[in-house]
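In what comes next, chain A is part of two complexes: it sits with chain B in the first one and with chain C in the second one.
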Partner chain A sequence: MAAPRHSAMLSISNASTPQSTSSDKTQVQQPQSPAGTSGLRVPSNRKTIYDRHLNRSRNAELSRASFAYLFGEMVSYAQRRVTGIQDLEKRLNEQGYPLGLRLLDLLFYRATSTSSSALSSSSTSSSPPNRPLRILTLLHLIHGPLWRLLFQRSADALEHSVSPDTPNEYMITDNEPLVNTYISVPREMSMLNCAAFVAGIIEGVCDGCGFEAKVSAHNQPTEMWPSRTVFLVRFGDSVMEREKVLERAGVK
Partner chain B sequence: MCVSTKLHPRSALAVFSLIIINKAGGLIYQREFQAGLRKLSTNDYLVLAGTFHGVHAITRSITPKLPLQNTASPVASSPGTSAPTTSGFSYPNPGVPVSGLEYLETDKFRLTCFQTLTGTKFLLFTDPMTGSVETIVNKIYELYADYVMKNPFYQLEMPVRCEAFDRHLGAWLRGRT
Partner chain C sequence: MNSRRVILTVRSNLVSRNDRTRIDKVNAELVTLTYGTIVAQLCQDYDSDYQEVNKQLDKMGYNIGMRLIEDFLAKSGVGRCANFRETADMVAKVGFKIFLNVAPTVTNWTSDNNQFSLIFEDNPLADFVELPDDGRAQDELWFSNILCGVLRGALEMVQMQIEAHFVSDVLRGDDTTEMRVSLVRYIEDEMPPEEE
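Entry: the complex of A and B
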């Protein structure tokens, strides 16, 4: 089920609130007490990162080299004390998951703020419902807008499993994943794909929309695209059941 | 030097081979870009790398120094004091650090040594007629910085086994001709 993991993530992000357990409390509040009442650093002009407009960094670009170094360190960090490749991929997936949950909100916010010109009409019925209800709409959201938000281009392919045994499997293909640009996996770990981090982001987006799913990244190199990666999205049974009901009801 | 090259003159690809030596003098990368080079064993390459490292260090230390103009007279007048003799000389170009060996040329090949700020050395064996070797070396350094140093699976100072580096290096040199 999606709920346990999602709620676990929410409780992690709320861990600094007083509702956390007593053991958490002592750990969290010790560093806070010398810093003052709020843990937030406020610059001299009183403008924190939360005062900025969310669309401010909309067209901002990030240095590819600094991202490569950051991601390299994330991989090295995840590599510590792991027992195997699957364990490492799981850790990378877990690093991406909360990012996906949060990106979803940003994605919807930016989608609505561009489609409806005025901000005044927010949260009323005038704005179209953005949250995808059907699997295909969700996958198109991931394939298009999410990929553009992350990598400034759409993903390269979106496919449905042809096997009748696995109707819940969908594949999103990226010919050249940005995260793997500078990474060469050693031969003894050839199964590893560091895009498991991106798989975690996708999983977070799916879970955030209420589609319980497991996403994994697989190497499928071709002559032309040596780092081609396929993200396998496997939806849970409850999602497939709901999908059938929605299809009969004619919900788009 | 110990690399003897039996090459067809005016070969299409003028880059023969590349060697990367780490700052301790160990061989970390070696690749040939042309068929017909005399084969050296891995051990020979390790010896070559170590030997070159030593020779390079020697050429650095034998860089001639010029006597300074203003301190030239005290040196001559009082040879008994040792302090002015050491401080009275400087490199011809004081602002630039001593580079050591940069080129080594024979009638069959030209060895270009490029040393990074951290002490890694790139040895490029090219045809003596090849122009703009500096561009090639800079591009190789760029590829090294990208595909080796940004790879989380590469351990510093260890042999380079990065598939993406090999691929991009080969593709770039092939496309250059």
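Entry: the complex of A and C
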């Protein structure tokens, strides 16, 4: 369902193998050994993603400035190639989308590997991950674990539309989105919300779970939180129909 | 130009007291993944013309470097380097440490002390990355090329014109990731260039 959208994404691997210490200081200059099953060359010292533990960078931190520079450059690059605010947001959304698809797998992988023994070197030993079947479970996954993975805290609110016309709309609120912290939006573009990137990530997670959805980011400033952003999640009709069936069947 | 340096120095003294102990952090994976989407987007926009992608990454890095230098001076509180060897150490041990939390090895100096290599044991930008298996990317794309631009932009703001390029990358199947940096000249007083 989502395949065409992320076809151009560079492969980000989900493989995991026993942890390799990357501290061997010997820089051996050896001729390349064309090994491996794919057509890709790999270093002879096996410094590939497949030889590093997937949780290696789990608690790693980097300077917030580095993120701000990269994100800022990403936005201004995108800005040069679009004609309007909507276009720009669409582009940022599309850049986030493939991340969501991949983060989903990472989330499940980590959810299972923490519940089993932390020392187990392979992910196969643990029970298969539970993918959310119901909307609320999915949204809790986004509001909690996904937000913590990305921003090291949960999102600030999760709401359901009260309007009977739009039962498929849910809102996730972030009072102070990290991605917007270092972006100053010109006045004539005040509608722009660069958290469209994060909206894209959410959309990727939803789609990856089999919940077709459109997600957009909206400015909803309050006096206390000037950069407060609401992510509007609109599920497709098929999702809503399935939700009803599952509810009747008592599936949690 | 000299007067600008003085201002930076003053500022660094003011800021560093607070900042040196507390560098704001984010999850490293967020940075890695964001950079990944940038490269992926460029590959898409330029139809996998990897030479052009390298060039764009370098440009982006240059823009970043020009702004990052001030942050660097503020956070590190360091003064002027006496020579290019000192600059190299500063870049590797302080600059990369602050912004990427790695400290590449400085090595392979030429006898005139104008060229050195940075060897990266670890490169957070390239975590989770495998280059496209299209028979070209491993020969043409320098995935972390943004770093060359950052260095070029940052050093230019402190009056050093340099040239930087990668000569090997583990993503290409090389055993090391190595960037070659050459001093072109020290820039005398002149107006700073336009942003690219």
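Operating definition for what follows: the second predicted complex is superposed on the first by the 197 of 252 C-alpha atoms of A that agree within 3 Å, B and C clash if a C-alpha of one lies under 4 Å from a C-alpha of the other, contacts with A are read in each partner's own complex, and residues count from 1 in each chain.
Note that contacts are C-beta pairs under 8 Å (C-beta built on N, C-alpha and C of every residue); 3 or more make two chains touch, one makes a residue touch a chain.
For clarity, every value in this text was computed on a predicted model and none was experimentally measured.
In the superposed model, A:Glu61 makes contact with chain C only, not with chain B.
Ranking chain B and chain C by residues of chain A touched puts C first.
In the superposed pair of complexes, A:Ile49 makes contact with chain C only, with no contact to chain B.
Residue contacts after overlaying the shared chain place A:Thr83 against neither chain B nor chain C.
Once the two complexes are overlaid on the shared chain, A:Ser163 sits clear of chain B and of chain C alike.
Contacts of A:Glu73 after superposition on the shared chain: both chain B and chain C are touched. By the touch criterion defined above, A:Tyr182 reaches chain B but does not reach chain C.
Contacts of chain A with chain B, set against its contacts with chain C after fitting on chain A, overlap at residues 65, 69, 71, 73, 76. For chain C in complex with chain A, the residues that touch the partner chain are 23-41, 43-45, 56, 60, 63-64, 67-68, 71, 98-101, 105, 119, 121-122, 124, 127-133, 135, 138, 146, 170, 172-176.
Chain contact summary for the complex, chain A toward chain B: residues 65, 68-69, 71-73, 75-76, 79, 182-187, 189, 194, 226-227. Of all residues in chain B, only 146-147, 150-154, 161-165, 167 touch chain A in the complex they form. Within the complex formed with chain C, the chain A residues making contact are 8-13, 22-23, 25, 27-30, 32, 34, 38-45, 47-49, 52, 56-58, 60-67, 69-71, 73-74, 76-78, 81, 95-96, 98-99, 102-103, 149-152, 178.
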